[in-house]
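Next come two complexes, and both contain subunit A; in the first it sits with subunit B, in the second with subunit C.
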Partner chain A sequence: MATLDGSSVKKLIVACDAGMGSSVMLASTLKKQLKGNDVIVEHSPVATIPQDADVVVTQASLADRARGVVPNVPVVPFNLFLGDPAVTRVVKAIQSGDSIEV
Partner chain B sequence: MSETTTPLTDLLAESSIQLDAHASSKEDAVEQAGAALLAAGAIDASYIDAMLQREASVSTFVGEGVAIPHGTLAGKEAVKRDALVLLRFPDGVDWDGNEVKIAIGIAAKGNGHIALLSQLASILLEPEKAAALREATTTQAVYELLASEDDDDDANG
Partner chain C sequence: MSAYTPPVTGTGGRARVQRAGAFLAGMVMPNLGAFIAFGLITALFIDTGWVNYATGHVVDGKPVDTLTWTTQIATVVGPLINILVPILIGYTGGKNVYETRGAVVGAVATIGVMLAPVALQLTPISLNGEETTAPASIAEIGPAILGAFVVGPLAAWLLKKWDSVIAGKIRGGFEMLVDNFSAGIIGGILAIFGIYVVGPLTYWLTQGIGWLVNELVKIHLLPVVSILVEPAKVLFLNNAINHGVFTPIGSEQAGQAGQSILFMIESNPGPGLGILTAMLLFGPRAVRPTVPAAMVVHFLGGIHEIYFPYVLMKPILVIAAIAGGATGVLWESIFGLGLRAPASPGSIIAWLFVSPPNEILLIVIGVILSAAVSAVVGFLLLGFGRREKEEGSASDLEAARAQSAANKAASKNQPTASA
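And then the complex of A and B:
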């Protein structure tokens, strides 16, 4: 568990294995949802997640790999590409500036 | 990183849209998507193995009866150009317990496909549009749904 301070998130990374398909789709969706929140949303292969990320969302099966790449960054695993509650919580925390446990 | 917008019909050629496909399994569907990418000249044949590997490790089911089979990071070397294919399975395909009616195969080494995937994401968030895609019986209907509504979706940041 880690604490994610929604108000401090400036860079959100969506990570998947190839950075080719699913992460692209989720990143574009999150970018729309976070429009106006001054957050950079990028997609990335899990192996090259940028170290300056503030939070990483990734498929549950890739979460351990993601934590290995950026051990100091909160990693939020998800199971559904559309409407996953874990991702929705992160979006809400960023929008409201609240802190959540992830 | 700059992004060039590839015309939809270049990325997803009319000949790469199969609206009456049939597959006996998820693997069969992925292989068919791979074969269509191969026929489009977008990949080397080894990419199809990468697609199957990726599917075996993490499903590419994205919801609303849609899957987006694509390769792995290692498989990227087998990609010759950015291209997509769309296969519609009117009878559905069992995708680890989910029913898939649309498989969109992706080969990408650049960012030419990002606008199209962004548009696909917004379609899937609107149930009636997702249903229209699942029920599309003409390539024109597919193109109309996938034509980007806005061009400011630089998902690369």
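And then the complex of A and C:
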């Protein structure tokens, strides 16, 4: 369990296995949603998530590996690639600057 | 934090397999552009390709009076897949281990494994009873992708070790001399090691698997692999399987026969479409609205990952995926269908691009059949939505998620963290 302070998030990473397919898709969705916020949204293979990420969102099946790569970064697992509440929650926290438990 | 995000901890077996698969797929996937260039030029310009087909230069599947300019363009087909692709894969494998320095020694070492069949005059196993001969030159080799998987990262790893051992011990001004020669020597040694050791091993491994696949196709048993492939896919091992196994072996087959059924096994977008159809009609009500967009992304965009969570939510649906996948493979093996190049991403559009013109109708029917079978099996497994009504709607999604969280925690003997 970690606390994610929405206002301090400057770099959000969407990770998937290859960093070429599903993460690109979700990253482009989140980029649009977070347009007005000063947040960098990037996609990455789960094995090479950058250490300077503030928060990582990834499919639940890959969360294990994501945590192994960046042990000090909050990892938010989600199930569905489209419209998952866990992802929506992170987006809302960033937009409103609230803190959430992840 | 609730049922939406099940706690996933530790490094279970699945994570380990995923990581190993990602290592292989990580060498192939950055180079998919090269596969696609090969696939498009092949599909359009070879003697039985679209251009000759559309201009009446293919009769009964046989080339007649092939257009000269297509022959000229088609000269790049063999070198693209047989020479460029393995070198790129060895390069990328090296790069993933040790940046550009590793990439270069990886590429050098790969040349060795590629040329082992020429150097040692290895004769390929005949798949159709015709006599085969060992390649006389680099122009006749097949794509040594498995060999590149081995020596690319190995060469880079050795160079990395060497660099770390001598770090700080080199006299000032001699760094470049030592760096260049250590890379050159390690790359050269690995190239020789590739010719005599890794090359023959991976060559016979590729030949053996190719032979086995061919035998399975002949007796129509290849659909059995769907029993392994479909469940592994939904555990996010899709890239590992497709690009770690099917792409290398399929490329070898395509080099000989012009097409391979192996490119179709994992990338068939039919079963996923069937699963999503079942979910749309009879799945948990809370997730139904998300399905149409997922169908577009899956079937047209080719991102299969998008349907995996729906199967994980209703794991019984994996049976529908297997049934659909096996149907497709059976259909394809009965009619001897294949794709010219890997279809990646596994979109119907990518499939159409790399389908041989004379097979395209049967190939599309195969995709539709696999979608139909997995949809119908999915309907049955979901009880046509009957249970859905009994259990109520919105809570079902959360229940499914909580259940999967509990399963995961239980399988790892760890308490479910709650918040």
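By our rule, the second predicted complex is superposed on the first by the 102 of 102 C-alpha atoms of A that agree within 3 Å, B and C clash if a C-alpha of one lies under 4 Å from a C-alpha of the other, contacts with A are read in each partner's own complex, and residues count from 1 in each chain.
The rule is simple: a contact is a pair of C-beta atoms (placed from the backbone, for glycine too) under 8 Å apart; a residue touches a chain by one contact, two chains touch by 3 or more.
Please read these numbers as outputs of a predicted model, since none were measured by experiment.
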Task: Combined model on subunit A: subunit C and subunit B, fit or clash - done: clash
- [ ] Name the contact category of A:25: first (subunit B only), second (subunit C only), both, or neither.
- [x] both
Task: Partner chain(s) touched by A:17 [first = subunit B, second = subunit C, both, neither] - done: both
TODO: Based on the superposed arrangement, let me know which partner A:86 touches: subunit B (first), subunit C (second), both, or neither?
DONE: second
Open item on the list: Touch test for A:94: subunit B only (first), subunit C only (second), both, or neither?
Closed with: neither
Open item on the list: Between subunit B and subunit C, which one contacts more residues of subunit A in the superposed model?
Closed with: C
Open item on the list: Quick check for you: in the superposed arrangement, does A:63 touch first (subunit B), second (subunit C), both or neither?
Closed with: second
TODO: Applying the touch criterion given at the start, work out whether A:41 contacts subunit B, subunit C, both or neither, answering first, second, both or neither.
DONE: first
Open item on the list: For the superposed three-chain arrangement, which subunit C stretch in 148-156, 184-192 or 364-372 runs into subunit B?
Closed with: 364-372
- [ ] Could you tell me which stretches of subunit A are touched by subunit B in one complex and by subunit C in the other?
- [x] 16-18, 20-22, 25, 45, 47, 59, 61-62, 80-83
Task: Touching residues on subunit B, where the partner in the complex is subunit A - done: 54, 57-58, 60-64, 68, 70-73, 75-76, 106, 108, 113-114, 117-118, 120-122, 124-125, 153, 155-157
Task: Residues of subunit C defined as touching subunit A within the complex - done: 1, 4-6, 8-12, 14-15, 18-19, 21-22, 25-26, 29, 235-236, 238-240, 287, 289-290, 293-294, 297, 301-303, 305-306, 308-310, 312-313, 345, 401, 404, 417, 419
Task: Residue ranges of subunit A touching subunit B (in the complex, touch as defined) - done: 16-22, 24-29, 31-32, 40-43, 45, 47, 59, 61-62, 80-83
TODO: Using the touch definition up top, name the residues of subunit A that touch subunit C in the complex.
DONE: 1, 16-18, 20-22, 25, 45-47, 59-65, 67-68, 76-86, 89, 100-102
